[in-house]
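Listed below are the structures to be examined.
Two complexes, one shared chain (chain A), two partners (chain B, chain C).
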Partner chain A sequence: MTADAPSWLYAVVPGTINEPPAGTTGVTEEPVRLLPAGELAAVVGTVDIEQGGAERLSRRLQDPAWLERAVRRHHRVVTALFRAVPTVPFRLATVYHDDQRVTNLLCERSAELLTALATVTGRAEWGVQGYAIPDPISDTSAPPPSPSPARAVTGAANQTATQQPRPGTEYLLRRRAERSRQQQARAAAQSAAQQIDTALTTLAVAAHRPSMNGRPADPEQPGTLVFNASYLVDEGDADRFQYTIQQLADELPQLRLRLTGPWPAYSFVEVEVESP
Partner chain B sequence: MTSVVNPGGNQRHAVNPLVAEPVSLVDLLDRVLARGVVVSGELTLTIADVDLVHVSLRALLSSVRPGLSGLPSQALP
Partner chain C sequence: MNQPEFPTGSTGPLMGGPGTAALARPQPASLADVLERVLDKGIVIAGDIRINLVDVELLTIRVRLLVASVDRAKEMGIDWWEHDPMLSPGANTPAGRTQLSDSIDGDDALHQTEDEGNGDVGGDGDKR
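Up next, the complex of A and B:
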């Protein structure tokens, strides 16, 4: 049994909203609609897929170009809502057979969804990243220092080993110095990360600190990512939050700080809802 | 040196929410693919799996040439 007109669920908003922001279209450029359910409303779109339903949608999502377009359009819907009302974003590709099943979800899970809505109301998510600025002194790609010129003058073929530079020892010393520099750099990055997190957590309602392991490097950002976190901040504290970032940047010249936001609170609505 | 990037506005400290601008793809994928409410919907789609997210991120980033990722979505084929 295939779903020929599946409902793509973008977000849940308060039931008091009358209509979605004008002209909002979704991942397949379909118009976005509201499904009211008591104190909540679901924001959905009927995804226009021909026969094949879930399989076809899965295949499209494997296509990087389609996936990127879907991601940006999903986010565009969520953001348009976020600018107007408190918004609980759903993960990409939450799809139901039809509108009725979405409404059922809202009724059956109203408690969790109302809690999520309360969590995001009057707040926004801010992303903070710190990139280590490359230090030219510890740049391991620099060529090793050449031997002193005085040694090179006597270029006789039978030069004895004790008068030659000792490349093996030099190499080991250089390696040891480099490891030491790297350890210092790591310790400094850790210290900076702690300082940033401590300062920002006091201004936030909540913090999300994902592991950086396995995170692909962003080709648009130079330097090494050493700090990556999101903070849920009351709207009234946004200015102070931004000001604090600026202060931290002044205190940590070895890092390039990057602030993104305000985001809809994707990282603070971790509700796991099993389908009924 | 800091920069403020508004996923819905201009790159400046005073946030203008009405101006649309493409967001960094990695920042976006981090959120839209890996976070948000997770539901076991009726149409089983594997995109919500975290490992798949990282595979998708890499595939996506390798398919985007530097400089092109800043184009608005309407410009994509």
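Up next, the complex of A and C:
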């Protein structure tokens, strides 16, 4: 394979843009360039790959330090563009043999890319997460339920007749209390998630609700993740969107709501295209 | 301009409370937020040089987050990796995994800064 000047594709933007934001550099600190193609333009950088580049690139990407750096730099390019013009982000590591191949792609897939561009124009993506705040009262190490205080006040005679529960009974009581607590917590979380999603979908052009199964927990965030979604919101609705989030936070004190954004619309341009 | 305006000011956890007529403020994005998007989203086109990102992301995200934040996570009682068969001692290690461990051990660039030195994709010699 010859890969003399492979082009790393960051994003597609309108063809009307003249030059990329000043000083933008890419994943290998290369200067970022525009490749115009009619109504579209590709934003690329030439990355230095020697022979056997695919395997080498894959290996580099498995180095977590290199991967993180590449991810941050790729995102930085996409974000710098997004602050200036409508931007269709590409996934990390979309690499073509050279600039001409990229231009060919834009010509051949112009219809889909123009659609994607229209989808993101004048809009931004917002991420919303809900974390359950641990409840110390329902701590599983708590002792099983004890006789009610009312009884203790009024029923002195009853109290003297009460015996210490045996260990087996105590264990079963604890298990039952824990199961009940978990069921209640799950139901409450589902109800809250539904409330959040209903409120925010109303204000958004589109919603993306990824499965949370198998999602590694973010060690930077305390609590259990019970809600995770992204919303594509018109610029003019951003304030209302944020206001609604705050209202939801007020109404759902058992959750910690976390808003991130505005993001380039990564989650709303999922067009899978086979290379020519 | 493409970017919507929103209020500046301190970014802290969303606080509730009656009568709070405020706009929720966005929080700083974490690495996990960025990874979730850059590795998984965006236009997915099989370019000329085919990279298998699936294996990379599954293992690398876990390990990366682990190494960067393990102390903080443990402080909070988060320890999922101790129950993850891929990360527990004695788990079968695919060849690529050895490379990961090596670079983690020797790599003080994990406490990262932007724009570090040689980002040459083809170079094997850019150890820190």
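Simple rule for what comes next: the second predicted complex is superposed on the first by the 247 of 276 C-alpha atoms of A that agree within 3 Å, B and C clash if a C-alpha of one lies under 4 Å from a C-alpha of the other, contacts with A are read in each partner's own complex, and residues count from 1 in each chain.
Here, contacts are C-beta pairs under 8 Å (C-beta built on N, C-alpha and C of every residue); 3 or more make two chains touch, one makes a residue touch a chain.
Since we're looking at a predicted model, the values are computed, not measured.
A.B. asks: Would chain B and chain C fit next to each other on chain A once aligned, or clash?
C.D. replies: clash
A.B. asks: So, does A:E19 touch the first partner chain B, the second partner chain C, both, or neither?
C.D. replies: Neither partner.
A.B. asks: Touch check for A:A84: first (chain B), second (chain C), both, or neither?
C.D. replies: second
A.B. asks: Report the partner of chain A that touches more of its residues: chain B or chain C.
C.D. replies: Higher number of touched chain A residues: C.
A.B. asks: Give one of first, second, both or neither to describe whether A:E170 is in contact with chain B, with chain C, with both, or with none.
C.D. replies: neither
A.B. asks: Just chain B (first), just chain C (second), both, or neither: which does A:E235 touch?
C.D. replies: A:E235 contacts chain C only, not chain B.
A.B. asks: Report for A:D48: first if it touches chain B alone, second if chain C alone, otherwise both or neither.
C.D. replies: second
A.B. asks: Now for A:A65: first (chain B), second (chain C), both, or neither, which partner does it touch?
C.D. replies: both
A.B. asks: Thinking of the overlay built on chain A, is A:E29 touched by chain B (first), by chain C (second), by both, or by neither?
C.D. replies: second
A.B. asks: Please work out whether A:G261 is in contact with chain B alone, chain C alone, both, or neither, and reply first, second, both or neither.
C.D. replies: Once the two structures are laid over each other on A, A:G261 reaches both partners.
A.B. asks: Let me check the overlay on chain A: which residues of chain A are in contact with chain B and also with chain C?
C.D. replies: 3, 6, 9, 12, 53-54, 57-58, 61, 64-65, 67-69, 71-76, 78, 83, 88-97, 101, 105, 113, 116, 127, 216, 218-221, 238, 242, 245-246, 249, 256-263, 266-267, 269-275
A.B. asks: Flag every residue of chain A that touches chain B in the complex, lowest number first.
C.D. replies: Where chain A meets chain B, its residues are 3, 6, 9, 12, 53-54, 57-58, 61, 64-65, 67-69, 71-76, 78-79, 83, 88-97, 101, 105, 113, 116, 127, 210, 214-216, 218-221, 238, 242, 245-246, 249, 256-263, 266-267, 269-275.
A.B. asks: Could you please specify the touching residues of chain A with respect to chain C in the complex?
C.D. replies: By the definition above, chain A touches chain C via 3, 6, 9, 12, 25, 27-29, 47-50, 53-54, 56-76, 78, 82-97, 101, 105, 113, 116, 122, 124, 126-127, 216-222, 235-236, 238-239, 242-243, 245-246, 249-253, 256-263, 266-267, 269-275.
A.B. asks: Provide the residue numbers of chain B that touch chain A in the complex, in ascending order.
C.D. replies: Chain B residues touching chain A: 1-8, 13, 15, 17-18, 20, 22-48, 54, 56-61, 63-64, 66, 69-70, 73, 76-77.
A.B. asks: Touching residues of chain C toward chain A in the complex: what are they?
C.D. replies: Residues of chain C touching chain A: 1-6, 13-18, 20-35, 37-53, 55-56, 59-70, 72-73, 76, 78, 80, 96, 99-100, 103-104, 107, 109-110, 112, 114-116, 119-122, 124, 128.
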